[in-house]
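Next, two complexes with subunit A in common: one pairs it with subunit B, the other with subunit C.
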Partner chain A sequence: MTDELVSVTVDGAVVQVPRGITIIEAAKHAGVLVPHYCYHPSLSSPAVCRMCLVHVEKMPKLVPACVTPVADGQVISVHAPAARKAREGVLEFLLINHPLDCPICDQAGECELQDFVFQEGQARTRYSEYAKRYNPVEDFGPDVLYVPNRCILCTRCVRFMEEMAEAPVLAVAERGDRAYIAIDPHHQLDHPWSGNVVDLCPVGSLVSRDFLHRARAWELDKSASICPGCTQGCNITIETRDEAVVRLRPRPNLEVNRHFMCDTGRLDYRWMNHGDRAEAPLVRDGDRLVAADWDAVVARLHLLVHDTTGPVVVLASGRASSESLGWLMRMLEARSTIAAMKVPIGDEAPLAGVPGLALRPERAANLAGGLMVGVRDAWADAIARVGSAGLVILHDVDLNDAEAAAIAGAGTLVHFATATDDRLPRADLILPVTMMAEEQGVYVNRDYRAQRYLPARTAPGMARPAWWAASRVWQRAGSERTVPTTTSEAFAALPAFGGLTHRDLGYGGRILDPAVVSR
Partner chain B sequence: MAIGVKVMKRPGSGVSYVRATLKGMALTFKHLLQPAVTMEYPEEKSTSEWRIATRWRGTHRMMTDEQGRSKCVACGLCPQVCPANCIKLVPGEDEDGNRYPLIYEIDEFRCVFCGYCQEVCPEEAIHVGVHYENSEYSRDRFVYDLERLSAQTHAVSTLWDPSDPRGQ
Partner chain C sequence: MGFPHPIHAGETPVLSTHFGDPAARTFDGWSERGGYAALRTALGMAPEAIVDEVKASGLRGRGGAGFPTGLKWSFMPKDTSRPHYLCCNADESEPGTFKDREILRWTPHALIEGCAIAALAIRAEMTYIYIRGEYTEPHRILQDAVAEAYAAGALGADAFGSGKRLEMVVHRGAGAYICGEETAMMNSIEGRRGNPRIKPPFPAVAGLFGMPTTINNVETLAAVPHIITRGASWYSSLCLGNPKSTGTKLISVCGHVQRPGTYEITLGFPMRDLIFDLCGGMRPGRTLKAVIPGGSSVPIMTPAEVDGCATDYEGIAAAGSLLGSGGMIVMDDSTDLVYQVMRLARFYAHESCAQCTNCREGTAWTTRILERILRGEGKESDLALLMDLADNMTGKTICVLSDSCATPVVSGIQKFRADFDAYLTGAAAPVAVGA
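Moving on to the complex of A and B:
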């Protein structure tokens, strides 16, 4: 592919597209969707489904748009009568053996077979004398079920396992109308990235056991987000039903995760639905914690920041936003601070077919963002210093018992909490904060790409982002200090990010200036 | 006079109520001899002249299969189409891997009896009923759960048939 442009006409619209791209991609430039099943932008194109047949002037036959490169001056007609008739025929063949079980199919509502049959298929069947082919549901692996009756043999799953995962355990078995997707009898579909076949499947043939019967596609509210699982920073969509997260799916970003996400990230959402949340600010009064309003808590925290002596220890979660970490550090700018982020370590699981894409061992989405705003100390050192610290600030960390015991004995403890922790009965202040699914913010991934995530649901009770509370405390320390009112302002006000705003980051994120990074 | 009041002259004599009373009673006795047009509800619920329409849309009924299980597969179309948002549905999976409703509740107070749920149901499970006697002693009894919906025995609505708009 070169930078050279060619001019093609798609359904009457003249568009300039790069030379060498396929007709199906050129049509996207013109805003025309060519119906397709086997084509996927991240996979090879075998042109087996015959759905993307389009008419090109001066070509003797219809051509498959997914493998035909554009040429200068081509006149392409996606909706020519001949092309429509061909696709209608293909759909009729697909529906011969496709069960009419849309009411119980998980894919209903986001099914490409439904969409295209509705768009250009026939309303009635001409094939009613014979019973449909029937094969029982097969268990492919830990999270994937295969419903062969619904399969249209697009082979996207086969090609994903072969080209992307490079673990070719799937294949098309048998021939003709008996064909189905078979799994190597000695293997399971347990590759750490195998969950992607469920997203790739255009129909409800490969379904996720985790999501099975949980929600219908049309009930889901979707928000753009970033996976909080590791330092890779895969772009994801958080899908909620009635304010509960029911599914995470990858969101295309060609420079970070293409169209994929790993199963570890995909299935790690249950903590977002945690029911036992901190909802009101709590202030210690003698032996008891009493509920207070935000003003009182901010005033109290201001006193603690100013009146305690000795070093301050900040213990942060790897899921904290850059805004929250940055403002916590700014709130403590007058104090000597030991700030550490808890980074759980796991196994690395690369996706072989995509260079630079892996489930990273560092399971903290905002590790780089923390480094940029000054959360740089080692976690073990910070825990060791808790006992001698004048003030311990804990931000929503999953602690193990030893860490909790160390912190429980600390002098003054301020807990920015999503949930209160029974192991920390001596907290002086508990500030209810939002978790990443309820706030917007920026995560900086391992390549120093800053990416925004958006709120997926409302925060419980009086919970607010930690940056909001920290900035109000910072404001009290000096006169004429103005504080941000929006997350975007909170981000722009942090010197570590060189004045960039949320808008500057765009949809795909932005690799931060190395000069800024080194500062 | 400042505000024009018109003073009517009352009739003095030669006026009697007897004539008017007799006229009224004549009408009453005439009707006593004519056939009755009213129906003795609740002893009598339909007559040859009047019956409840087969298109009537009343409180719901869930159809069951031969084993007595509800025909609902929890596809989610009725809560989606419901304009009053009165259907609560939580899907689940039984031992055989079939999809079925864990919770299916209709709030008959919220329901506007449009019949869309019956129209949209792909399994012909939920129906609006030809039924109108729904009194209860407490408000919460008007939230019909799956068991109650399945236990209803009244006739179900034929709804409006576009090919037979007048119901003939």
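Moving on to the complex of A and C:
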């Protein structure tokens, strides 16, 4: 492929497209979706579903748009009568053995077979033969069920496992209309990235056991987000039903995660639905914590920042936004501060077919963002200094018992909390903060790519982003200080991020200059 | 000689001269009969000279498509920085076709010699002969012959002392019809599932193991030594009409004739004489009803279309069908065309590789409708439905298996409508099939 452009006509619209791209991609430039099943931009194109046949002037037969490169001056018709009839024929063929069990199918509402049949199919079947092909549901792996009766044999799953996972455990078995997707009898579909086959399946044939019967597609609200699971920073969609997160799915970003996400990230969302949340600011009054309003807590924290002596220790979560980390540090700019982020370490799990894509050992989405604002990864060292600290600021971090015990004895403890922790009975202030699913923010991944995420559900009670509270405390320390009112302003106000606004980061994120970072 | 019948006066024995003669199977026997002279000649020729000779002979592919063989060879790149491959398609699986089988079992060295010459022409050192899995006896004979050819020095690192390498491997299929499709065959040789590939890229650009590859049929390759020995002009003079159809063709005739078997005719030979003279005509008291002239994938012919039809590429095309592989199925007036069409459709439904939607589902659905018609449960609208399904199955898939299923359905309904109507009206007794 070159930078050279060619001119093609798609359904009457003339567009300039790069030489060498396929007709199906060229049609996207003209705003035309060529219906397809087997084609997927991240996989090889076998041209087997025969849905994308289009009419091209001077070609004797309809051509598969997914494998036919454009030629200069080509006149392509996706909606020519012959192409429409061909698609209608394919849809009819796909339906004759299809169970039409949409009312009980997880895919209904987001099913490409449904969509294209509604769009171009026939209202009535001409199939009047005996019972449809039947094969029982099969367990492919820990989270993937195969419902063969719904399968249209597009082979996306087979190709994903072969080309992307490089663990070819799936294959087409049998011939003719007896064909089905089979799994190697000695293996399970338990590859760390195998959940992607569920997303790739255009119909309800491969379904997630985790999501099974959890929601109908049309009940879901979807928000663009970034996976908080590791430093890779996969682009995801958080899907909620009635404020409950029910599914995470990958969102395409060709630079970061193509169309994929790992199973660890995919299935780790239950904490987002944690029920026992901190909902009101609490202030210590003798032996008790009493509810207060935000003004009172901000004023109290301002006093603590100013009146305590000795070093400050900040203990932060790897899921904290860049804005919150940055503003916590700014709030403490007058103090000698040791700030650390807890970075759980796990096994690395690469997706072999995509260079640079892996579940990373560092299970902290915003490690780089923290480093850029002065939050280090020297966690053990920070814990060791808690005992001699004048002020300990804890930000929404999962502690083990030893860490909790160390912090429980700290002199003055301020807890920016999503949930109160019974192991920390002597906190002086508890500030209810949002978690990533409830706020807008920026994560910086291992390549220093800053990426936005958006709120997927409303925050509980009086919870606010930590940057909001921290900036208000900072404001009290001097006259004429203006503070951000939006997350984007909060980001732009932090010098480490070069004054960029959220909009400046674009849809795919933006690589930042890590020169300011010192480990 | 001749097999299974003595050579008929109307035949032109070239490839079939030694059919029925077990002595011709051995390397020595074959050499005594003039064999391997052509290979010795070809080893002294430039590849272009071999290609030109075959081009001049007018030889066309005998597997079914009829593509000019020399032209196909000329598509191979001249440079040999990457290995070139020759594949011999011996996966003869088309219903009604058994002409390659006779070459494989009686004159295996003719094929080996033809392969060796073709390999020289396309600058290939490696030949794969992909033989149909069910051909157990021909496989054994061919395997023995290849071993003999190696032992005699005709094959190997230094063929006949020429300094040229000619290697040959016999690869046995596992019983899938689709592996006779050339790109599926390459996948099968590579150890993959035998699914046809999308073209382009064409095999001459990226074929077996991604390398430049030529695939030729057994009969095509077996004709090559004769062209080298006796000359292109001799071969092209074997012609009974159309100069685009030269040489001889093996026709395997089966069905309702008195003497079924493999016959070698000069292209252009009258089809009627082939059936009624060479094959002895119909059984007593029977009349001709239908002929499938070129393997099960071609349109069915009526007796009127057979009359006056020249048995060559153009002659049969003019009569509304195709020479195809030369597998001729003759049916007399006892034949139920609905049943025959159903059997063909069932075959294709069984053999569809399942890649393309139209073929996977269309072949099976077509079969079920035909079975239902045979059971006496047909509807008038079924014929229009079958025709429409055939349209949806034609010209829309990666390979032509889907088209091949549709072809006999369409020609059956168009030309033998009365047979279908008999079931739809209840005039024909139901047949217990399917369901």
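Heads up, the rule we're going with is that the second predicted complex is superposed on the first by the 512 of 519 C-alpha atoms of A that agree within 3 Å, B and C clash if a C-alpha of one lies under 4 Å from a C-alpha of the other, contacts with A are read in each partner's own complex, and residues count from 1 in each chain.
The rule is simple: a residue touches a chain if its C-beta (ideal position, glycine included) is under 8 Å from a C-beta of that chain, and two chains touch if they have at least 3 such contacts.
None of these values were measured; they are calculated from a predicted model.
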Once both complexes are superposed via subunit A, do subunit B and subunit C end up clashing or fitting?
fit
Once the shared chain is lined up, is A:Leu454 touching subunit B (first), subunit C (second), both, or neither of them?
neither
Per the contact definition in the header, classify A:Val75: touching subunit B only (first), subunit C only (second), both, or neither.
neither
Of the partners subunit B and subunit C, which touch A:Arg50 in the superposed model: first, second, both, neither?
second
Does the superposition put A:Arg126 against subunit B (first), subunit C (second), both, or neither?
second
Determine, for the superposed model, which of the two partners subunit B and subunit C contacts more residues of subunit A.
C
A:Glu219 in the overlay: touching subunit B, subunit C, both, or neither? Say first, second, both or neither.
first
For A:Arg175, select first, second, both or neither according to whether it touches subunit B, subunit C, the two together, or no partner.
second
Determine the nearest approach in Å between the Cα atoms of subunit B and those of subunit C after overlaying the two structures.
26
So, in the complex, the side of subunit A touching subunit B is made of residues 102-104, 108, 137, 212-214, 216, 218-219
Which residues, counting only subunit B, touch subunit A once they are in their complex?
73-77, 80, 91-93, 97-99, 122-123
Per the touch rule above, subunit A residues touching subunit C in the complex are 46-51, 53, 61-62, 64, 67, 85-86, 89-90, 92-94, 96-97, 126-127, 129-130, 152-153, 171-172, 174-179
In their complex, what parts of subunit C are in touch with subunit A?
176, 178, 193, 198, 349-358, 360-365, 368-369, 372, 385, 389, 391-392, 395-398, 434-435
